[in-house]
Amino acid sequence: MAFLVNSNKHAEWVIEKCLFLSAISAIFFIVLIIVFIFEKGLPMIIDYGLLNFILGTNWFPLDGQFGIFPMILGTLYVTAGAMVLGVPLGLACAIFLAETAPEKMKNSMEPVIESLAGIPSIVYGFFGIVVIVPFMRDAFGAGFSILTCSIILAIMVLPTIISISQDAISSVPKEYKEASIALGATHWQTIKKIILPNAMPGIATGVLLGVGRAIGETMAVLMVSGNVVKIPSSIFDPVRPLTANIALEMNYAYGIHREALFATGVILLVVTFALIMVVDYFQRGN
Amino acid sequence: MISVNFSQKIANIMLWASALITIAILFIMVGHILLNGVEVIDLQFLLESPKNAGREGGILPMIVSSLYTTGLALIVAIPLGIGSAIYLTEYAVKSPLTKAIRYATETLSGIPSIVVGLFGYTFFVIYLGLGFCVLSAGLTLSIMALPIIMRTAEESVRTVPIGYREGSLALGASKWQTIRKVLLPSASPGIVTGIVLGMGRAIGETAAIMFVVGGGWRMPISPLSPAQPLTVHLYELFSAGIISTEIGYGTATVLLAMVLAITFTANWTMRRYIKKIMGE
Amino acid sequence: MNKIETRNLSIWYGDGRVLTDVNMKIKEKCITAIIGPSGCGKTTFIKAINRMIDLTHIARIEGEILCDGENIYDDGIDVVELRKKIGMVFQKPNPFPMSIYENVAYGPRVHGIKDRRSLNEIVEKSLREAFLWDEVKDRLNEPALGSSGGQQQRLCIARALSMKPEVILFDEPCSALDPISTSKIEDLIVELKKNYTVIIVTHNMQQAARISDYTAFFLTRGELIEYGSTSRIFERPLDKRTEDYITGRFG
C-alpha cells in the first residue's frame, strides 16, 4: 500500500511536469519563430539599411534593389480602406446585438458571425476573384484594386470587430444606462452619450485586432489586389501588400532576395508585436 | 432641429440595416459558392484525382491532404492546448511566467499566417530536415491551432465550479484524478468547441502551409509525402491564370462544407451534451 | 473517547489571523456543533481537519490536529488516506455533473474499486444510509443536477458515506435549503452519529441546540470562547459573549 501511494506521488509529479511543458509551449514557439525569422531576415536589413529597405521605392530583386515602401503603402491603404468600410458596419452590428436586437434576431446573428469568422481566407479570395472583381470592373473600370481589397478585408474583419465591441458594450454597467433613461434620455441618446464612451477601450481593442487581421491577411489580398509593385495614386489602382509579396516570390527567390522576404517577415512580426502592446495598453486602461 | 424621437427612429433603422447587410453578405457569398459548387460536385469529383492539368477530374488527394494535415496538427495541438489550460488553472500560481504564457498565446494568435509559413519552411522543412510534406504542414498548422485551443480550453476549465474540485478532493481523490474525472468532463463542451475552432482554422489555412506542403496531385500516403490540401489547391487554380472556375467552385464548396459542418456539429453536440449533464 | 483533538491550532491567511490557539477535544460518535458569527473562521477550522485547507496556498498553520492520536500535519501522513477517513459535505450542494449512480461510485472508483457488483452494493448502501434510496432508485442513471436541492445535498452525504469514513464534516449543510429539506437532513445527521463522528458548522442556533451533543462557540479571529455540552452551553453559558450570541443580542 505504501508503495502504491509512493508510485502515485511519482506519477503526479511527472504529470505536473508534462503539464508545465505544454504550458510553456506557446513561449517556446514564439521564441523559435522570432529566432528563425530574425536570423534570416535581420542581417539583410542591417546590410541593406533599414531606411533603404522600408523607404526605398524600387523593388527589383534581380538588380539587387529591395525597397518595400510601395508595399508598405499597399498594406496601409487596403487596411485603412477595410477599416473605413468595416468599422461603421461592425460597430452598428455590435450596438444592435448588445442593445436593441430582439432575442430571435440575436440568436440568428450568432451563427452568421461564427460562420463569417470560420470561412477560410482563400474562399474569401476566391469569392473576390469570381464575383467582386468582375463586378468592380463593370462598375468602375478597375477590377483588381485597393478598393476591391478593402471590401473583402472589411468583410473579413467584421466578426472580430463585432464580437469584441459587443462584449465591451454589454459590459457597461446597467446602472449607467438606467440612470440615463431615468433622466428622460432616449435609448439612442443613452447609447451615444453613455454606453459608447464607456465601451470605448473595448471597441478600440476590437478595431486594433481587426487592423492586425487586415495587415496579416495574405490569401484574400493576394487574389484581388492586382499585385503590381507601384505607389498607387487612387483607390482604383492595383497594389501589392507586404504579405502578398512574400507569398508571390518565396517560391523562386534565392540568396539575398529570399532574405529580403524574410526581412519583410521581420517587419510584419514587429508590427504585430507593436499592435499587441497597444491592445494590451487599452485593455489595462479598461 | 431634428427631433429626439426622429433621430431614435433613424438610428433604429440604421442598426437593423447593418445587421441585415451582414447577414446578406454571408448568404450571398455562401449561397453563390454553394449553388455553383453543387453543380460541379458528384461522386467522381470527390473520388478521383485531377486530370488534364487540373481542368478536369476530381479532388480526392486534396481532401485527403486537408484531413491528413489537420489531423496531425490536432494530434500535436490538443494535448498541448489542454495541458496548458490545466496547468494555468490548476497548478500555476500567478507569476511573471504565467503572464508571459498568456502574452505568448495572444501573440501567437496574432502573428500573420504567412510569417508562420516562412517559419515552417525554415524550421520544419529545412532546419529539421523534414522536407516538403504532410508532417511539416501538420506541425506548422499546430502552431496556428494551438492558441485557439489553449484559450478556449483555459476559459472552460476555469469556469468549472470550485465545488466540484472540493467535492472530489474531499473524497480523497488525487489532483490528477480530480482533473481527469471531474474537471475535464465538466469542461469538455468548451474544450470541444476550442478543438473545433482550431480544426476550422487548420483546415482553412493556406498561407501558413503554402511553402511547406510541397504540392502535387499524388495521394499522400506517409507523413513524409508531399501533399496539396484543398486550400492550396484552390490557390493554385488561380495563381497562374485561371485554370478552371468550375473546379474552383467545386473545391471551394467542399472546403466550405467541411468548415461549416465542423462548426455546426460542434454547436449541436455541445448543446446536447449540456442537456444530458444538466438534466434538461 | 476523543476522536479529534486540536492543540494550539492557529491559522493565518497571509498576514490575517483567522484562528487563534484553538484547543478542543472532539468526542467519538457524537455531534459537535460549531457556531459563531460569519467570518469568525468556522469553515477554516473544519477545512483544517481534513486538510482541505491545503488547497488555499496562502494559508499558514501552526499547532497540531490529532486524529486517533496521530498529528495529521506530520510529514508522513497520506492526505488521501486522511480524506478517506474524514469526509466532508459542503455548504452548497456540489454533486458532480454525472448521473446519481456515478456520483456515489466516484469515490470508490478513484480508490481502485472496479468490480460492478461491489460498486452497486456500495451505491445502494450509501444511498440508503442517506435516506435517498427510495427517492432515486428508479433513476440512478439520470443526471444528479436534475434533482432538488435537498436531494442533491443528501446525495453529497451519500457520496461522502461511500468512502466508509469515520468522521464527517458538515459546513452549514442546510443553509441553501428549504425548511422541509432541512429537517430531513437534520434527522439524517442524528441517525449518522450512531456510526460516525459528526462535526457540523451551523449559523442556525436552533439547529445546533436540536441536534448536537456538544457545541463550540467561536468569535472573531477564531477564538474559541466556550465549548461544552450543548445543553449546558444553551442553558447556562459561562461567558457573557456566548449568552449574547445565542440569545440574538450579539453585534
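Details
For reference, chains read A, B and C in written order, and residue numbers begin at 1 within each chain.
To be clear about the criterion, a residue touches a chain if its C-beta (ideal position, glycine included) is under 8 Å from a C-beta of that chain, and two chains touch if they have at least 3 such contacts.
Computed from a prediction, not measured in an experiment: that's the story for all the values here.
The interface with the greater count of contacting C-beta pairs, when B-C is set against A-B, is A-B. With centres defined by CA atoms alone, the chain at the far end from chain C is A.
Averaging Cα coordinates per chain places chain A and chain C 54 Å apart. For the pair chain B and chain C, the distance between C-alpha centroids works out to 47 Å. Centres computed as Cα averages put chain A at a distance of 17 Å from chain B.
Among the residues of chain A, those touching two or more other chains are numbered 8. Of all residues in chain B, those touching 2 or more other chains are 174, listed in ascending order.
Residues of chain C in contact with two or more other chains: 80-81.
Contacts from chain B toward chain C in the complex involve residues 93, 161, 163-174, 177, 181-182, 185-186, 276-280. Per the touch definition, chain C reaches chain B in the complex via residues 50, 52, 55, 57, 79-84, 87-88, 90, 92, 94-98, 106-107, 109-111, 142-147, 156, 159-160, 162-163. Taken in their complex, chain A has these residues touching chain B: 8, 11-12, 15-16, 18-27, 29-30, 32-33, 36-37, 40, 88-89, 92-93, 95-97, 99-101, 105, 108-109, 111-116, 118-127, 129-131, 155, 158, 162, 186-189, 191, 209, 212, 215-219, 222-223, 243, 246-247, 250-251, 261-262, 265, 268-269, 272-273, 275-276, 280. For chain B in complex with chain A, the touching residues are 4-5, 7-8, 11-12, 14-19, 21-23, 25-26, 29-30, 32-33, 79-84, 86-88, 91-92, 97, 100-101, 103-108, 110-119, 121-123, 127, 143, 146-147, 150, 174-176, 197, 200, 203-207, 210-211, 231, 234-235, 238, 242, 245, 248-249, 252, 255-256, 259-260, 262-264, 267.
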